[in-house]
Structure formats: C-alpha cells, structure tokens
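Letters A, B, C and D mark the chains as written, and numbering starts fresh at 1 in each.
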Amino acid sequence: MIASEASLAPELAISEWFNTPVPLTLSGLRGRPVFLHSFQLLCPGCMAQAIPQVQRIERVFAHTDLQIIGIHTVFEHHAAMSPVTLKAFLHEYRLKSPVGVDRAEEGSDVPVTMQRFRLRGTPSSVLIGRDGTILHQAFGVEDDIAVGARIAMALSASPAQSAAAGDDACADSVCASPMPSVVTP
Amino acid sequence: MIASEASLAPELAISEWFNTPVPLTLSGLRGRPVFLHSFQLLCPGCMAQAIPQVQRIERVFAHTDLQIIGIHTVFEHHAAMSPVTLKAFLHEYRLKSPVGVDRAEEGSDVPVTMQRFRLRGTPSSVLIGRDGTILHQAFGVEDDIAVGARIAMALSASPAQSAAAGDDACADSVCASPMPSVVTP
Amino acid sequence: MIASEASLAPELAISEWFNTPVPLTLSGLRGRPVFLHSFQLLCPGCMAQAIPQVQRIERVFAHTDLQIIGIHTVFEHHAAMSPVTLKAFLHEYRLKSPVGVDRAEEGSDVPVTMQRFRLRGTPSSVLIGRDGTILHQAFGVEDDIAVGARIAMALSASPAQSAAAGDDACADSVCASPMPSVVTP
Amino acid sequence: MIASEASLAPELAISEWFNTPVPLTLSGLRGRPVFLHSFQLLCPGCMAQAIPQVQRIERVFAHTDLQIIGIHTVFEHHAAMSPVTLKAFLHEYRLKSPVGVDRAEEGSDVPVTMQRFRLRGTPSSVLIGRDGTILHQAFGVEDDIAVGARIAMALSASPAQSAAAGDDACADSVCASPMPSVVTP
C-alpha cells in the first residue's frame, strides 16, 4: 500500500561511526525497534535535555533488543563540531550507544540523513518499528513517560508481527517478554 | 496454578472515595490495567515526586483505558491527615483520578489496604494487569521512562489475553491500539 | 520622614507558635535581619518550591544572625489546615525555624498578619532589615541567587546602622546602597 | 603583610579573548569584584550546571559593577576544544560576559592561568574582591543561594575600602566580617 510505503524510514547516510565495530543500516536492523536521536554538540537543548534522556533510555532498555542510534546532524558551525570533537564528547559523556556522523552534502548546510527524514532541527527523535516503519517522529524533547511508553509499545510488537505488518496473524507471546527486561535504575 | 493465584492483587478496603461517583473495586475493574499509588499528605517524597508523577501519568495515558487509583494510606499523624484535609488537597492539586481513604483498622496504625498489599511505606505504587495480577510493585518513586514503559506493556495486553492469562492464544490486534492514544503534553 | 515610616514592617499577629520556646515579635528582633515567609500547607507552589528554598536558606545562613520566620497564613480551606496538621508537617519536613499561625480575624477569611503586610497570596516572602524596615517583598518564589544576595546585603548592614533606625541619615545609607541594583529576572 | 599578599589573585594569562573589545587584566579591574569561572566545553558538569549558573549570575547582577570572566581552561582533548568551537559555543549559548582562552604552556597539558590559581579541575570558580584578593575559590558548582550571598558581600565592600587594599585596618573590616559566616552546605 502506498500509505505504508510512505512511512517506511529512509536509510541512514553516515560518513563515520563511533561506538560500533561495524557500520549500521536500518535495513540491516529490520526486526528490531530503533530509537534514532539527532543532535548537535553545540545545541543547548541537546546537551541539557536530549542527551540525558538518551542515557536514561540506554539504562532502562539495556536488556531489550531496542537499538539506540545517535546521528550527529550538523547543519551550522560545521568547523566547530568536527568528528574529533564528537569523539571526545562521546568519551566524556560516556554515551555507549552507536553514533554516526550525518554525511555532508556538497552545496548544502543540511546533511543527507537529516534531509531524508525531513528533521526540522535538533534535538529530534524518530522511533522506528520492527518492520522499519516510522512509528513516531518529534522535534524537541518529549516527556519521559510518553517516550518510555512508545518504546515499550514498539518492543511489544513481535518480529513475526512486523514481518507481516498489517496482518492479523501475530503476536502470540507478545506482552510477557519485554516486560521483565525493563529495569529501574 | 498456585503461582498465579499468589500474585492476584488483594481487594481494596476504602472508607471514603473522592473523584468518583461510585466506589471502585479491583474485581470490578478486571479487564483494565490499574495504576495504584499509595500516598500520605505529609510525606515529603509523595508531594515532591510521586504526586507530580501521577499527574504526568494522568496526562500521558488520558486516552487509554488505564485506571489510576490513589490510596491515602495514613499510618502516622492520623489526626493531621483527615479526609477534610485530603479533599482540599485534591482540589488544590487538581488531581483528577479517584482517590480512596484506606480503611483504618482498630488497634493498628496501619490501614487495611496497606496491610493487604504489604506496602513498606509511602510513596508506593502497584501496577495491576488486565487479569488482576500484580505486574510490578515499588516503594519509592521510579524513573518516568520505566514507569511509562511498564504501563504501556500492561495496556498492550489485550482483554482477551487477560481472560486467558497464561494461555498462548492471544493478542492479535494488540499493539496497534494503545499506541496512538499515548499523547505528549 | 513619612516615606521611611511607611516602610517599617508591621508587627506580627500570631495565635500559636511552633519551633520556638517563646513568642517572637519583630520589634523584639530589631537589630537582626528577618526573612519572613508566608505559606499554606495545601499550596502547591509552597510545598514544591518555597519550603525547599527556606530549607536551603536555613542551611546557608545557619551561622549568621538572620532570623527566619514562617507564617502559616491560611486564607482558604481553614478546616483542612489546622495547627494539628501544621505541627505534623513541621515534624515531617524537618523545618527548624520558628513558624507562627497567622491570627484569624472574625468575619474575614484573610488572617491578620497577611492583611497587615498586604500579601497577595502564598507563597510570599518579606525581607526585613536590621532597622525593622521592609527591604524587599515578593509574591511567588524568586531566584535563589537573588534571594541569597538580598539576604547577604541585609546581613552586611551593621547593627550600628540599625541602632540609628528611624534616623534619616542612616536609613539613606543603609537601604540605598547596592541593594536596589540586585534585581530578580 | 605577608598573609595578605599571599591571597592576592594571580594575573590571568590569556591567548585569545571573546565577548570583549579589549583584553582584560585583573590588575586593571582592581576596584571591582570579579567572578571568575573556569570551564571546558566537553565537561558535563560545566555544561549542565556551571554555565547555566553563570547565566543566572549575569542576569541577577547585570546592574552592578561585578565583572564576570570565563576562562576556557582546556587540560585534555585539546584538539577537540579549539577556539573555533569555543566561539560557536558562546554564540549558541548566548553567554554575554567576556571569556578568555587560558594560555597553553609548552610541555604541559595544564594551561597557565589554571596552574597559577592551582585549580583542581573544571568547573571551578574564584571570587575576587575589589582589592584583588581571593575571597573564595571552589571546585565544582556550589549552591545558588551561597553564591549569590558571597557575590553580594563582595559587592557591598566599598571601593574606598578597596583603595586602601593591603592596609591592615581595611582588610580586616572588609573580608573578615560577615563573609566567613556564609557557608555552603
């Protein structure tokens, strides 16, 4: 269906990865929910609110199959936020989940992944379902309770269900599984 | 099974209700998940952390069938926290969800519902599944993300599933439903 | 001068004291700066912001001669906020500084001290100088930095200056100096 | 007196200034109190706590003669925190007060001003009196109320007193008096 195709998340375009031994692709992650967060080092809201929230998500969903991915989507002050600075930042802030540098495009200040997802600025986040579709996209930092709820819903969809998204045949041992793996810090 | 029976939530014992036209019982709420929060007016952690979290839960899950219930479990300073004070509190803090006064028991400082749930103090919370079993119980206030995730998981269990808890045949249209109704304030 | 007389703090009218072996009067405290805070138990802003700020003031200025005084200025839900409840509150929140119950006036919901200071509501605070004049009065909770700065300025006025309270020359040098330049955002 | 000389703040060593048309020196600022804050861009505590506090200080003391000065004291990840990144940071965070880049010293990771003040790390702050002496020095972020109080005390010392800095009689009355009684919890 056209409507379904429209909500499929576009692929990432990354020039350099940190915190992962191999490059990641959304197509390669099909079957797992993905929490994508877009940030810039010199964005006050990212440093004060979004990154701490990502760290809480890392902690609470550590034992689930949620894949958290950060995208450094620099669209201003490019010289000030180089991969060298990003690498030191990840070290100092102890962010554990993979972070990719959004690929610059010649002739544009806005990098490629940011364009593809039509992100309005930083911080932004995109929750992608097991079937690769965009479940939720937000500009700005949202309430922790709502974020936790949405991720849990994405986790509760069984891989079987995603493969046959829109199909009735789904979700047998759905709800029991991820519940015990959600831990309180 | 004995194990299952053991985790069934005990019934509430309430001497007076606020914010509800009719008394509530957990057995009458079977089929809906219940977030039970136990508090006392003069408990600093309740006022500073638990009640604000309940208000966020009220907001985020407003359009779901989650039933939030507060229990005023006074186990000290009884004269200082009468129903008259509780009523004014609910008005001033604009708590919308039902609150019951835990029934006092002669010869004991600890009221009946608090005893039945073996609550260790205030604030405490109990998440009860659609099938009436206790999914999670906590003393103190937990991380918003984890709380949001657990409630979402409880919501994602279909009524059909609860009726046949422990049964494989379940949860067909599970995950699609509550997701859109989770709103960000 | 009339203008100076106008800014002299009116006397307190208290029906019952807590946290002090003897009743306090502002005239008896002449020579010491006084931080007066007005609150009600069921006022959300008082519990969430003002009382915690008073506790920080208690801690930071513990070794100075600042006198902190709380006034329980109940102007609504009178039955819900009795002295019995206030006493238990002071115990549970470990507020150490003296608190007086603002004296009720027949035929008025607003108690006497609240009327005399023309407080607009709760929480409110009044900073009184060593000479008994009102240095600053606020409705709502102000920025910690500005509050700390104002109290320090009040403390820095020497008792000698206060000894000459009511004297024009003195009043000028005391209140005019750097105090007005400390602003709240 | 030797004791007095020992507490005189050492001079700044700055390789590049931002937010000021002319280079600043502490000797040139004699007569005004100075709030010096040392930070690094990739220091989590600086970004989350110290810089927001500096912004509150900027706001509250805007109309006083307090001079706020930031020192970018990079002692690790030097390539990641270049002046280019610092400049973009100051723009994005709208920090208005002057910031100097602490001068690097060949053969040492620790820059010169940081060495002179014997700062233990970032964030650090130093409050300097009108007479050029160090009134208070701290590693880590302190309570807003105490910070506001200390700055107000420094402001309350009259320029006349500073003019006679180094004079025993003066130094006694200035720094000894109420300042030591303002404590940080």
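The working rule: contacts are C-beta pairs under 8 Å (C-beta built on N, C-alpha and C of every residue); 3 or more make two chains touch, one makes a residue touch a chain.
What you see is a predicted model; the values in this text were computed from it and never measured.
Steps from subunit A to subunit D, minimised over paths through touching chains, total 1.
Homomeric contact subunit A/subunit B is classed as same-residue, with over half of its interface positions used by both copies.
With centres set at the average Cα position, the gap from subunit A to subunit C is 51 Å.
Note on chain placement: the centre of subunit C and the centre of subunit D lie 33 Å apart, centres being C-alpha means.
Shown for subunit C are the residues that touch two or more other chains, of which there are none.
By the touch rule above, subunit A contacts subunit D in their complex via residues 41-44, 47-48, 52, 77, 79-81, 84-85, 87-89, 91-93.
Subunit D contributes residues 53, 56-57, 59-64, 143-153, 155-156, 177-178, 181-185 to its touches with subunit C in the complex.
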